[in-house]
Structures are given as C-alpha cells and as structure tokens.
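Got some structures for you, see below.
Both complexes shown next keep chain A, but they swap its partner, so chain B is in the first and chain C is in the second.
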Partner chain A sequence: MTEGSLITDVRELSSRASVIDFKGDVTASSEKALADAYTRASGKFTRTIVLNFSGLEYMNSGGIGMLVTLLVRANRQRQRLVAFGLNEHYRQIFELTRLDEAIGIFDTEAEAFAEADAP
Partner chain B sequence: MSTEDPVAAEEAAPAASRDAAYWAKNVTTLKLGEVPAEAVNLNVTGRRVVGPVQGFGKMWQKTMRVELRGADVSPAEVIKLWKAEFQRFWPERNWFYAPLEGIAPGEVALLNLGLPGRMKLSTGVLVLYADDESFTLMTPEGHMLAGWITFSAETSGGVTVVQIQALERTNDPLYELGYVFGGNRLNSRFWVQTAENLARHLGVEPQVESQVVCVDRRRQWRKAGNISKNAAVRTFVWTLGTPVRWLRRPFTRRRAGQP
Partner chain C sequence: MTTIPSNLRRVLRREPRVRPSTEPVAAPPERVEAPPVEIAPNDPLVAYFSGATGAVDIGALQLDSPALEGLREAGIKLVVPLVSQGELIGLLNLGPRRSEQEYSADDRKLLNDLAGHAAPAVRVAQLVREQEAEVRQRERIEQELRVAQLIQQQFLPEELPDLAGWQFAAFYGPAREVGGDFYDFIKLPEGQIGIVVGDVTDKGVPAALVMATTHSVLRAEAPRLVAPSEVLTRVNNLLVDEMPAHMFVTCLYAVLNPETGQLRYANAGHNVPYVSTEGGVTELRATGMPLGLLPEMEYEEKEATLAPGDTVLLHSDGLAEAHNTSREMFGFPRVAALTGEASDGEVLIDRLLKELQDFVGPELEQEDDITLVTLGRRAAGGGPAAPEAPGPAGAERQLASFEVASEPGNERLAIDQVAEAVDGLGLDGPRLERLKTAVGEATMNAIEHGNGNRPELPVGVSVVADDTDVKVRITDQGGERALPEVETPDLEAKLAGLQTPRGWGLFLIQNMVDALETAVDEQHHTIELVMHLKEAPDARS
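Then we have the complex of A and B:
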C-alpha cells in the first residue's frame, strides 16, 4: 500500500507475530498507511508486531509521532512492538527520543523474530 | 599521509540519510549556554529529555492551525521568522531565552513560564528537529509536559497554513492534577494565542482551528516517581530562598574578593 511516499507491506511470521516492512518516508502524512498496515498485521492472536525499517529513507519528527501513536494502539491490544533494520542514524533518533525504551531494537529479522516468538 | 583511496572510501561509506542534518545529534543530557542575568536558570543542565513514553498522564495530541489568507508569505519564510523571533509570539508573562545559535538542531533554550497564582516555572527545551518548514522542541525531565511540539507551515489550496502540533503527557501526578483542573485548557489556550499572535504579526486576522484529542486515556503509574524532578516545585522552593540569598550576597561577594 502506498500513502504519500511510504509503502508498507505486511507479512505473517507466525500466528503470534507479523512484520510490517517500511519503504520510503515516515512523516505525519503516513498516518493512514501506518494505521492500515497495523490493522492488517494485527490478527486475533497477534502478540508482537515487528517493524522492518531497512527500507526507511526519510523520517521527520512527525514520523516519530506516528510511531508513538502506533505504539499506543499496540499497547491497547496488549501487543509488543519490536524493530530491526534501523541504520545508525535512525537508531540514534530512537535513542534520542527514547522510543527505544518502548520498542525493542534488533539488528536482524531473525533476532527480532526470536524475541517476537518468545512466550 | 593516508594511503586510502578516497573514492573507494566514499563508495564504501553508507549514504547519509536525507534528514540527517535536521536532527539533534549525540544529546544525552542538556547543556545550556550563556543566559541573561535576569533569567532564572534552573532544571535544565544535566537533565535528559522525555517523550510521551516517559510521561505520566493521559496522552494528548493538540493541533492548532491558522490560515494566513491574504499574507504574501511562503512556508519557509514563516518558519524563518518564527525561529528568529519565537519569544515575540508567546503570550505575556512567559519567556523563551533562545540559544545563541538560534533554533537549530541540538540547541537548548531556557524557559521561564508564568503559572497560575503568580508562580513561576524555570525549565527548558531541546531543539529536536529543525528544517526549512518545521521545527520541533522536546521537553526535559521536570517540565510540566513530557513530549514534543512541532511548529510547521505548508501551502494548502494556494494559502500558507501554520500549524502547531503537540504530542504530550504530563510528567508526573502533581502536574496531572493541575492539568485536570484547568491546566489542560490553559495550555491549549497558550498555543492558540501563539498562533493568533503570529498571524496578526503577518497582517492576518486569525481564525485558529483547534483540535484536542486524547490519544491514550491511561495514566502510566509506573512513572509517578517523575515527581522527584518536578521543576515547578523546585522553582517554588528556590523562590522561597530568594530573601536568604539576598542577605547572604554581600558576604559571598566579600569572600570572592569582590567589592
């Protein structure tokens, strides 16, 4: 799905975990794309949503706000958010905004999946 | 002398993200530069910034928008003006001591805010993000709010539109109590007035659209301990100590060898 300049794709890792792949820009105008992707990723038994940022090309402060809103939505459903594929720059932004205290960050999809599949 | 091939090194290095220049970098705790003598400088240096994840109260998203219909000004020009004269557009009794470098990523500003009951609050903000058409300020520990506020401008239907958007929670239970009993309304009013002041400065009679949405109704009780850094309480205690500091001042100066 394309919204503005963000393309999202959703993959099911297991009955309890799904991945949202991001490609493009995450900004305030990504709200609908993110909400739609979350709805598709969030099944009845989904406990973890894995965010794949390896295709992230641009993010501003509005985009960080969108991720906080996504986090609130996931927490409301008792789901965890974890992320992988962040380059050094975006990893620093997660640390600066202290989003890393709520969204677990991993280097690879395999590591994120291991966390996602943990009981 | 380096034996590295610069072309090969450039190819091997990861490309910098397009937004890299707009974000604050390597900020762990806040550091203030020089501040005017009349400013109360408390609760900033050494503090960490806090976002909505670290706050205590309900999470709010506040959006104030005003069309600059009739003003011949581009979004970039509005933001340039706003960055340069941020203090000018604030409501009375509130002071924003801009950093010497201006509103730029990573800079820290000191705030002296007027609270109800003639109380004062000394705190600060970090410039988290700044580009040509927007900038974002993030609050530190002890500030009334944990979150960030983005000031932006865009063109919509041929008209420049200014927006103030905050994503915030109160930082601790005491602030949350104040927010429930009028603080939330006063805070929204503060930003509506700011948008109005900016529009009037640009020759526009403002009609501000205001939208306040509770994004998360839950309070984060595990963050109640944030109260230990409450900047309003600390500023109040500091204010109570003012007469003592005045009385001690001649002795302190004499010890320091001043006349």
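Then we have the complex of A and C:
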C-alpha cells in the first residue's frame, strides 16, 4: 500500500496563465498525474503556470525530480513556472536544491497570480 | 561653502567688440566661448554672489578676489547668480552688449527673471546627475561585495575534521563589507591535522584575493614541512613578494596529534588562542610577525598537551574588537572568561555569539568578519559515539525499533513511526521536519538500492537518543555497499537534459541532518542520521 497519491486540479486564470492545484503527495509515482495536469494547464497562449502547493502533504526527492521534469518541459515550451503555498520546510528544500531560482516562489496566491498576469 | 559645478564655470560671452560696419552684413555673428574661470570655494566672490539679489555689474565691484579678476580678464561685464533655495548653484555670465551700450534696466529685469526660472531647473539636473552617479557607485560596490564573498566562500572548508575522541566546531560570519578572515583544516602525515585561522588586513576583493593566495600557499607547504614555525617562515617568504602595499596577514597555525593530544603552534601576529582546562583558562602564546611584511622572519614554536575535557578557541578580531553603541569593546578578557565557562566547543561558539549579540545590540551592523574555531578533546567515556562505531553507546536510550517491507512508498511508514518515537524529545518543528525528510530519503534508498525493492527483505529502523542528539539507524541487506560521495546536484545540467532529473536523495539527507555516518558488514548496510536536539547557528560549518 502507501503509494503516495496526488490529486490535481487545473484552473485557467487567463489565456496566458493557468493554475495547477496540488493535493496530497508529490513523489516519483506522481509522474502521470503531473504530466496530465501540465498538459491540461498548457493552452495555446499559456506563458505562465502557477503551482499551488497549499494542499501539499508530502514531497520527496522523487517528487523534486518530477518538478525538474516539469521545468524541462516548461523551458522547452517557453513557459515559466511560479509557485505559492509552500510551507517553510519545503521552501527550505526549494532553496537547498536551487529550484527556487528556476521557479518563482511567492508567499501568497495574490502575488503569484499578479506575477502570472504580468506581461 | 558653495562650489560651482565645473559645467557652469564656463563663461559664454558675446563677441566683445562690434565688427566694423564695412564687413558683410550677411555673415552671422560669431559666438565665442570664453575660457573657463575657476572660482575657489573660499573666494569672497562666492559669498557675494550667494547674497546678491540680481544681476551684478562686474566692473563696479570692489572685492579682493582672484575669481573677479579672472572674470574681468575673460571679458565678463555682467553676472547673474543662479540661486536655488539659498544656495548658489551657477552663474550666468555675459560679456559686453553688442551695441556697446550698458545693460539697461529692462535687460537686467529680463536676465533676473530668466535666472529665477533657470536656477531650479539647473538644480534638478544637478541632483539627477548626482543621484545617477551614486547609483552607479552603489552598484559597483555591491558587485565587488558579491565577488569578494564568492572568493571567500570558495576557500572555507566544507566539513569539519572527523576524529575519534575530538570535537571540532567552526563559525564564520562575514561582515557586509567582507573582510579577509579564513580558516582551514589540513590533513598532515601520520594522522596529524593542521588548523589555521587567519585574517587579511583590508576588506573586499583585494583582501579576498590575498586570502586565497595565503590559503593556497599554506595548503601546499603545510603537509611538506609540518612544523608550524617552518610552515609560517616558508609561507611568509612566499607571500612577501606577492603582497600588495599596506597589506599583511595575521595567522595562527597549529598542528594537532590526535593520538597524544599534543598541539604544536606558531603565531604570525594573530589573536592568542584560549584554552579551557580543568585548572582554568590558559593562553597559547607564541611570538611572530604577520605574514607578508618582511622577508626571512622567524616564528617561535610552542607546544601544549590537551587533556581530555580541554577546549581550544581560535578567534579573529571581529569578536573581541566588536563595539557596542557606546563604542565599548567586547574585549579579550570577556572572550577568555566565556571560554572558561563552556562545556564544549559548540556550546562555546553558541555562547560567544549570543553574548556578542546581546552586547552589540540589534541595530549595529557587524564591523568585521568573525571566525571562531574550536577543537576539544572529549572527556574520557563521554560524548557521542565515535563515527566508525554506530551502535549502542554511553547514555543512549532506545526509543523505537521496527522494520518495514521493501515496497515503494513504505518510507511513509518509517517517517510516521520515527516522528512518533521522537515526540517528547523537544525537537523544534523545523528540525523534526528535516529529520522526517532524511528518514524518508534514507529508507527509500534502503528499499530501492539496498534491498532492490524486494518486499521480503525488511528495512530495519532504530531510533536512539542521548542528552544531545537523536540518532536514527536505517539498515538494509545491501552488505558492503559504500555510500557514494555526496555531490551537489547540478540543476542547470538537469534542466539542459544532460543529467537525469532525479538523484536528489543523498544530497537531501546530508543537508537535512547534522551528521551522517555509515557502517557495513558482510550482509548489512546501516546509515545513521544524527540530529542535535537543539539548533546550532545557521552559519555553522
């Protein structure tokens, strides 16, 4: 048992930005859920995808690997990732792994959305 | 005192003489720019113009002023001071009228009105220009600071020596304007270890570069020569030729024999180390000139034997010479006294930093780099277990022992049970989260790499604690599998597709806990995660 589970929800903010809400665990076994969510979040003109980690319960090194995979895909599609809702611990891990340099981290949903709406 | 900006010292005047009427009328009148007139800030003319209420007729002015002479020689007849908010910011200088008549009352009124409008605009332009220059200067300084910090950090050791029976601790806190502090541990022949603490005079990039050179020379010479006095003599001779003017390096170099506790040391003008002993605080004094000043210097070499329980403190100026708001110094006696009160090196560093913080207060910026290095000989029978022997030791209490099957995802079971076991030890929230992440990653490694995801092979988890640490030991059936060297994953390479996106586990484990040990036998591989029950300062190495 105990395969981590991840539920994702995708919301369109505008034609240029979407949000993926995470609920549950981000691990290596989240690969398909993440890839599907990313596809749904990527419209023709989507430039920014906001990752909402408010519902994140657990993330491990496998999950970090999955985020790197998303980043590679985002770079390829000339999209950028921003995130909010990380707790202090995972924020520290983002800093440690330097993911925070590649994914813009914001304190609040409002700040992340403002960034996503910026030209 | 008012200074006239150089761009306003230029004097624009009309042609001083009207050309004869026989010259072709069509030729446009030539404008001549008069030579610049320098006006010294203390010239009485400045004060006169500052107080003038309008255009000033230079010819009628009676003042003992070199600038006045200069203006007259330049053919200036009338000067209209540009005054903004009571400050003289420039002059409007006019030569004679082309008609050779005097300036009329209307002319003067027009000029005064013009000056009244021009002065604020000129002032704004001056301020903008000054501000732009300031911004450029600030950016340059910030860039230099970043470079200096980068150089500095490159040369600080990444880990402390790991010697059975000894405890090392270090703290490096750079000032905003990075100084030239450094410290190092150098492996020497026969299991000895060299300990360096140094301080380059000056700050910023020059100090960082000298520090880097000193560091490299020490690293090259110490293992070859070993004897502290010889090492410093050699390093000094190598540095003298390279040292920029007005710079030098203070440096304490000590060689520890961990077997005997013998500490040989020499000092090139650095702060005297203190030793906390059973009989009180002693000093490790040895004389010698700073490095890089004069060639062929000799350095006194002394020796001390550290007894179990002794702790040595090596320290840079930034601590003892820190000032509070009343400009009082923290002081060497206070450092010595605190050294005598601490039970071990880590406690000592914590205490020194706390006392310093209380002394200096929150609002003062740190004046200089602070470097603290301690080495302590553990008291016999006490302290944490030697790294090569994870297992029951001293006052350890077993908090939990369990197994999980080697199936992906089962690390969550291990995390939850460890969290439950350590509940009540007083680990604060962030430390508990870090321990949980480390336990998860280590268990995942054990499941996947040690036991090959074979559910029938269990991963053993044991949680023990003593007075200072909690230790989680995670054992798989992987036998003599060496722990690979922990490397910092290269995010750029991963993003460029040159490396797998995975491979973060070991890096995470190492950065989550305070120490990481491994033990192997023919059948088992154990990783021990050590977490101090209390937080150490962030900048701790």
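Brief remarks follow.
We take it that the second predicted complex is superposed on the first by the 115 of 119 C-alpha atoms of A that agree within 3 Å, B and C clash if a C-alpha of one lies under 4 Å from a C-alpha of the other, contacts with A are read in each partner's own complex, and residues count from 1 in each chain.
The rule is short, and it goes like this: contacts are C-beta pairs under 8 Å (C-beta built on N, C-alpha and C of every residue); 3 or more make two chains touch, one makes a residue touch a chain.
Given the structure is predicted, the values throughout are model-derived calculations rather than measurements.
Aligning the two structures on chain A places chain B and chain C in a clash. Looking at the shared chain after the overlay, A:Thr97 reaches both chain B and chain C. When the two structures are aligned on the shared chain, A:Ala83 is found in touch with neither chain B nor chain C. Of the two partner chains placed around the shared chain by superposition, chain B and chain C are both touched by A:Val68. Once chain A of one complex is fitted onto chain A of the other, the partner contacts of A:Leu13 are absent, as it touches neither chain B nor chain C. In the superposition on chain A, A:Ser29 contacts chain C only, with no contact to chain B. In the superposition on chain A, A:Ala112 makes contact with neither chain B nor chain C. In the superposed model, A:Tyr58 lies in contact with both chain B and chain C.
In the overlay built on the shared chain, the residue A:Ala41 is in contact with neither chain B nor chain C. Within the three-chain overlay, chain C meets chain B in a clash at only one of the listed stretches 62-70, 476-484 or 530-538, and that stretch is 476-484.
When the two complexes are superposed on chain A, the residues of chain A that touch both chain B and chain C are 28, 58, 60-62, 64-65, 68-69, 71-72, 75, 88-89, 92-93, 96-99, 101-102. Every residue of chain C that touches chain A in the complex is listed here, in rising order: 407-413, 430, 433-434, 437, 440-441, 444, 489, 491, 494-495, 497, 500-505, 507-508, 511. The touching residues of chain A, when paired with chain C in their complex, are 1-4, 27-29, 58, 60-62, 64-66, 68-69, 71-72, 75, 88-89, 92-93, 96-99, 101-102.
Only residues 28, 57-62, 64-65, 68-69, 71-72, 75-76, 87-90, 92-93, 96-99, 101-102 of chain A touch chain B when the two sit together in their complex.
Within the complex formed with chain A, the chain B residues making contact are 14, 16-20, 22-27, 48-54, 59, 61, 128-129, 131, 134, 136, 138, 148, 150, 152, 165, 167, 215-216.
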